[in-house]
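Naming follows writing order (A, B, C and D), and every chain is counted from residue 1.
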Amino acid sequence: MMEREALQAQITAINANVTFEEGGEMLNAFVDPKECRDLLQTLHNMDDLAFDYMFCLTCVDWKTHLTMVYHLESTKHRHVVVIKSKLDRENPEIDTMSDIWRTAELLEREVYELFGVRFINHPDLRKLLLSDEWEGWPLRKDYEDPINMIKL
Amino acid sequence: MISFEYIADNIDKWLNNTFSPWLALTIEFVIVGVLCIGLFAVLGLVLIMMERKVSAYMQVRLGPNRVGPKGMFQTVADTLKLLVKEGLTPAGSDKFLFNLAPFVVMIAAMLVLAPIAFAKNFQIWDINIGVLYVSAVSSIGVIGILMAGWASNNKYSLLGAMRSGAQIVSYELSAGLSILVVVIFTGDLSISQIIESQQTGWWIFRGHIPMLIAFIIFIIAVTAETNRAPFDLAEAESELTAGFHTEYSGMKFALFFLAEYVNIFIVCAIGATLFLGGWMPLHIGNWEAFNSIMDWIPSSLWFVGKTFFLIFVIMWFRWTFPRLRIDQLLNLEWKYLLPISMFNLLLATLIAIQGWYF
Amino acid sequence: MLEEIAVNDTGDLIINVGPQHPSTHGVLHLIITLNGETIKNIDPNLGYIHRSIEKMCESLSYRQFIYVTSRMDYLSSHINNHACALTVEKGLQIEVPERAQYIRVIMDELTRLASHQLWWGAAAMDVGALTPFFHAFREREMINEIMEETCGARLTMNYNVPGGVMADIHPDFQRKTKAFLAFFKDKLPEYDELVTGNIIFQNRMKDIGIISKEDAISYGCSGPTARASGVSCDIRKTHPYSIYDKVQFDEVLETTGDSFGRYLVRMQEMRQSIHIIEQLIDNIPEGDFQAKTKAVLKLPKGEFYTRVETARGELGVYIVSEGGLTPYRIKFRSPGFSNLSALNHMAKGQKIGDMVAIMATLDLVIPDIDR
Amino acid sequence: MFITQYIKEVFTGVKSLLIGMRRTGYYFTHHKEIITQQYPNEIPVMAERFKGEVIMLHDQNNEHACTGCTACELACPNATIKIVTKFDITPEGKKKKAIDKFVYHLELCTLCNLCIEACPTGAIKMGQNFEHSVFNRAELTKVLNKPGSKVRDDVE
């Protein structure tokens, strides 16, 4: 188990451009989408970090930009970190993590169809939940559902 | 005393006295045919009811209890429902084979009925190679199943039919070998002679260990041959939805269903005949008093009782065991049942030659 | 006529298992490429009952959204509600009364027992034994009755509210629960007699769907699925919530990683759940069952993540709040989704019958996958 | 040795099957263990807290406690409840807001109990009826206040 400050120092040592968010129960780190994959790869491979378990992968639409959120845990050391990456809303692109954590494959497909984030080098980027001819990205804030069954 | 033998003889005499021999024979054929179909209908109703009640009690529930007294007419109601349902033939299927298949299965089941002795001297046809006939004809049914699976133009059906083919062909071997053990002890292929030979005691008691092993293997093999759980891979509902009869509905489905139960009855009747003495009452050596008391119970009751006991055992299997996988099924046959039954046959031959049985 | 059967160029057979199929336990659609009876590839096609719960929650208040989560993994609905209530409490920094925490944990474990019982029956049914299903439902019925008496519903209880539970326990609750535990302990050996020891069942389950420890972690497996491979991932132990740090229980681990290992883990977990309930049932402290909360709940700006252990694995509730009446974004990390992603890896090279056995021991609940 | 191994395998396998058959055989012969309830003949008694449907309590004077404050309508996550108000003229000649219809859509209700928690006067509660099937969906939309009923005087 690594303390929050030590973890922060370790991550800064890997990539000096990473910024951290104050507060929150887990350590939140922001990284540029272009450097995201390298950072996560290192976090996964380094022995004293060993973030081998990705327990959550999701995306948040902030109306001005999208944020990819990766929740990582190490099953060996039991420390947790949250890596975030801001994406351009018009053309969201980020490298895939599916070869580092196999679970990311389906999770990224889900994020792709609900938010429209394109994952570069994803082995099989198809729609998972929705039908193939579905248009729009349902979980984005500006999505207008023509039938709108959920709006009360 | 009125027995089936007496009735049958009188009808035969009366027909031959009244009509010309040819006509009498034709009428007898018709009577036998009608009786067979009647037996099938009754068997279907009784066995399905029995299965539902057996399963219900094993599963801590009541089973059908609404239609008629204690739910006795539930199967009648189900049959009526199936009769009025639409018999669909899927587009893209081979219509001729698709419609033919249930009848092939049904006729194959009907044919095996011929040499079975239902009571003392009450037999459709006492053919002198009865046992051989039974083991030859009983595997014709698989053609119907293959036909159904192929003609349905459904992948599940095809997989189920291919499984069934592999299964019945391989289990036919050990069923045949265990029948052979009885034949060795009896020295005769005719069903009536085999029953006669159990006058002093049933083979299962007289035949020592080889007969016991043969009996167990026979029961396992026929369970597999009739596609019953734990060998119901042809219609494994959790894997292939309904296997070879996925596409069948209405009366065509009912025929498959009926054929399954009739087949169970037939194989159990054969098992009862070969190992448990058929209609022969329980005789022990030369205890004259005991034997004559047992003779008071009608022979037809003995036959029905033994057969239904075996049917119950097979149902008991079904409601207890999980299903095997296809390769485990074939492993069981080729690695366990077949070597054991071959060795058993050798042992039986030795015992029969030396006369070491009672 | 039969041209359609040979589908692709390599001569493989492609079959659609589901959306309506007896072994998928719901509307899961698997596109399976077969070579004979051997599986070459499984492509899951989801979304047949996707209700977009995450989007729906964005328009519901913090009191209202909890009920929706009962409908995700309906077999551990109480645990789902617990997770949501915990997240809201974390955001509002509500101190939950001890009595409510005890009640919640007992209910959690009862839910886990009910879920595992249903799984046991369904797993046996998937491999072809129909009788265990009814025996499992006999015991499950007793739990449902306990639930009905205290929570007012049998499956989707909606018993958790932010700050505690909706109502105090029924006066009969403790007595009935103890009676149930005594009855169930008597019946558990029957489960072993009927299914566990059975040679056919063991042959169907052993060495099937093996997943190594590394792969299980990489695929994000959790719950019994991962613990069968030796991954220590019980959230109740690694990140204790509520009063799980005060109770004694063991984390069940197996090392085989096959279907039989997953089966054994769940069977042992039932015994552990009984053990937990026994420790708590007589010691429920007096006090309030619900903390005083404001009528209108507003979470402060920020992000809140709660992890709990449901019957199927790790459930994560991720709430992003902008300080409004409703969550800005909610993400449910469902255990079934990640466990399903490992199905292809497990089933490749096995027979169709094995695929059914693997699905049975993964214990998939489709609404949990689709959300 | 191979042969002993083989025989042992067969023996243990058969034994495990027989143990299972003994269990089912036990239940086959012990009919007292049967737990079936024959539903339409034996109507189960639902627990006191059972959440079957929302009902409004009326006393013998055909009066209820609902003031039409719409707290339940706001608490409901599914828009199950719709309260239609009207204006009564009080004896002093003032207009007073009162409930006209308490419309309840059973087909939308998830029986989550939030409306009952929200009600300040205890006018509504959960009923025990669980037989809700009807032939026409429109029958599931109910008006909970009885015709001609009015608010009890002591309720504010």
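The definition used in the following text is that a residue touches a chain if its C-beta (ideal position, glycine included) is under 8 Å from a C-beta of that chain, and two chains touch if they have at least 3 such contacts.
Here the structure is a predicted model, which is why all the values come from computation and not from measurement.
Every chain gets a centre from its CA atoms, and the centre nearest the mean of all protein CA atoms is that of C.
Of all chains, the one whose mean C-alpha position sits at the greatest distance from that of chain A is B. Across B-D and C-D, the chain pair carrying more C-beta contacts is C-D. Between the CA-based centres of chain B and chain D the separation comes to 51 Å, rounded to the whole angstrom.
Centre-to-centre separation of chain A and chain B, using mean CA positions: 63 Å. Inter-chain centre distance (chain C to chain D, centres taken as mean C-alpha positions): 24 Å.
Put simply, the C-alpha centre of chain A and that of chain D have 41 angstrom between them. Among all residues of chain A, those that touch two or more other chains are 152. Residues of chain D in contact with at least two other chains: 17, 20, 23-24, 35. The multi-chain contact residues of chain C, meaning those touching 2 or more other chains, are 131, 138, 194-195, 198, 200.
Those residues of chain B lying in contact with chain D across their complex are 54, 57-62, 65, 316-317, 319-321, 336, 340. Across the interface of their complex, chain D is touched by residues 60, 63-65, 67-68, 131, 138, 141, 145, 148-153, 156, 158, 161, 166-167, 170, 190, 193-195, 197-200, 202 of chain C.
Residues 10, 17, 20-21, 23-25, 27-28, 31, 33-36, 38 of chain D are the ones that touch chain B when the two sit in their complex.
Here chain B touches chain C in the complex through residues 55, 58-61, 92-94, 150, 153, 155-156, 158-159, 229-230, 232-233, 236-241, 319-328, going by the rule given at the top. For chain D in complex with chain C, the touching residues are 12-13, 16-17, 19-20, 22-24, 35, 46-51, 75-77, 110-114, 117, 126.
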